[in-house]
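Scrolling down, you'll hit the structures one after another.
The two complexes that follow have chain A in common; it is paired with chain B in the first and with chain C in the second.
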Partner chain A sequence: MARNDSLETGELTDTSFYILLSLVEARHGYLIMQNIEELTDGGFSIGPASMYTTIKKLLSAELIEQYGDGKGKRKTYIATDKGLKLLEKDIKRREQMIFHAKQVLNQKGDRLG
Partner chain B sequence: MKKKYVVSRGLAFGEEKDMAKLTSYAKQGWVLERFAPFGFLLKKGKVQHLSFAVDYNKDPDDEYFAYFEQAGWTHMCSGVDYIHVFSSPEGTQPIYSDRETTLEKYEVEKKNTGMVALPSLIATILLFICGNLEGVSGLMEEVLIWSGFATMIVFVFSGMPYVGYRYKLSKVRKGWGK
Partner chain C sequence: MKKRIFRLFFAWQDQAEEKWLTEMAEQGFHFSKYKFGLYTFKKAEAADYVYKLDYKGSSDQDLEEYVTFFEDAGWEHVDRFHGWHYFRKVKNGSEEEPVIYSDRHSESQKYKSLVNFLIPIFLMTVAIFLTIIVPNRPNASMIEVMKWLYIVLISMYVFAIVRVRLKVRKLQK
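Our next item is the complex of A and B:
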């Protein structure tokens, strides 16, 4: 696999984040996209080539694994313990970002108000 | 059945322009049928409003194609079971939706073409040097020089795409999401 840039630094891209989140439960690979669109009300969607590439990356980083022995289109994936840990860590990182943003914006609001 | 041949600019250099050309032909009812040497073969059908996209995958299985199908992209044709062209109704979400995976697409192609370009360049240089050494017999000289021309052709056809993909990568790095 070429590069795992962000996976190596322990950060998930938005694409990997939503895929990993969808795979907290076992799911057919090709149905992950549909799940993400439903979950985000169409707000976030992943192109099929990006989906395929990211799934391969997550597999090679052992963040997800194949579930059962389906072949081809029937392949099913699920997040590994390592994947779940990284997901939790990334959720915290994202919460921190929101926290910081709110802090700054609230201060600005106070000054104006 | 009427057919038309259109020449490709080479996907490494003119991917977007080639795809746009396929879109405009489809609007006139000429729809992509398959790859042809240095271009595409189109066949006359009904007028369609389609977007086209190309992807590379050396061992595609049903799973790979299922992702595209699910997202509304129809597989049109493949070249040497490695280059795959898809089409979708205009306005469908692009096949690559983030910077990281788009970079990876071209990184892999850059690496693959580079792995052919560099050795063929070295071979060309060595063959020409050896062919011009003093003391090489006439026949041997011919063989070396002609082999040098052969590896030079390999170099041109791998080196040019290599440069194309490098350029593409720098464009994606600078421009994504801006």
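Our next item is the complex of A and C:
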């Protein structure tokens, strides 16, 4: 696969992050969309093509799996153990980023203040 | 009233095609069908539709699920031609232009699977080109190799097409 493929490097794109986060509980596509919009107060929304593509990607990487018999037009998915581990790892990575950013900005603030 | 227009767009001109369909809708011609460069429009009231094209390279096994993702987000599946799917949505004046891809990463997948479709066609074209050029050379063994290569390729294709069609028939029962 391509080198810029974020799943291969163990990093989640923002879209994968929010989908995986929503699939801590079993949900189908429409509920994932609703959950993300509620969670982010409409600040982050995922287009249907991005939703479809990302879900297929997470499935083939075994980060999520189908939940239940999968009959009907809306399939339900849930995060796998592998998916939950990667989510936790990515949360730490993002926390670190915020930590670094705050450090730099606070120092700058101290100098200015 | 129906209006048919013949127009060709290349594989990389999907955004130009979306724009054209959107402009046609502004004039009251609503896209309904596409086949081999032939667009069918239905004349009705002008509407603020936004058209989007998606390329789905994977099998139709999950087509219903795929279309439902779009319908749940308010998109109407208008038509499809091979891997290309045409969607439209009414645009509310105040709203931002609706998108079907909200991030670059997943959008790149669309074009990746399109390239995966174009590569075998390209290779076939190269093979045809080589067979036209090769006979002019006095290298008989090369022709012999090509001959066998073709026999294998043709058998594989016949086999593949028959098998896939059997699957279709089975599913349509």
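As a convention for this text, the second predicted complex is superposed on the first by the 108 of 113 C-alpha atoms of A that agree within 3 Å, B and C clash if a C-alpha of one lies under 4 Å from a C-alpha of the other, contacts with A are read in each partner's own complex, and residues count from 1 in each chain.
We take it that contacts are C-beta pairs under 8 Å (C-beta built on N, C-alpha and C of every residue); 3 or more make two chains touch, one makes a residue touch a chain.
These numbers were taken from a predicted model, which means no experiment stands behind them.
**Student:** After aligning the two structures on chain A, examine chain B and chain C and state clash or fit.
**Tutor:** The answer is clash.
**Student:** Just checking: does A:73 make contact with chain B only, chain C only, both, or neither of them? Give me first, second, both or neither.
**Tutor:** both
**Student:** Given the touch rule stated above, what does A:45 touch, chain B (first), chain C (second), both, or neither?
**Tutor:** both
**Student:** Touch test for A:29: chain B only (first), chain C only (second), both, or neither?
**Tutor:** both
**Student:** Give one of first, second, both or neither to describe whether A:13 is in contact with chain B, with chain C, with both, or with none.
**Tutor:** both
**Student:** For chain A, what residues appear in both contact lists, the one with chain B and the one with chain C?
**Tutor:** Overlap of chain B and chain C footprints on chain A: residues 2, 6, 13-15, 29-30, 33, 45-54, 73, 75.
**Student:** Hey, which residues of chain B end up touching chain A in the complex?
**Tutor:** Within the complex, chain B contacts chain A at residues 53, 55, 57, 61-64, 66-71, 73, 93-98, 100-105, 107-108, 111.
**Student:** What part of chain C is in contact with chain A in the complex they form?
**Tutor:** 52, 54, 58, 64-70, 72-73, 75, 98-103, 105-107, 109-110, 112
**Student:** Along chain A, where are the residues that touch chain B in the complex?
**Tutor:** For chain A paired with chain B, touching residues are 2-3, 5-6, 13-15, 29-31, 33-34, 45-54, 72-73, 75.
**Student:** Which of the residues in chain A come into contact with chain C in the complex?
**Tutor:** Touching chain C: residues 2, 6, 13-15, 29-30, 33, 45-54, 56-57, 73-75 of chain A.
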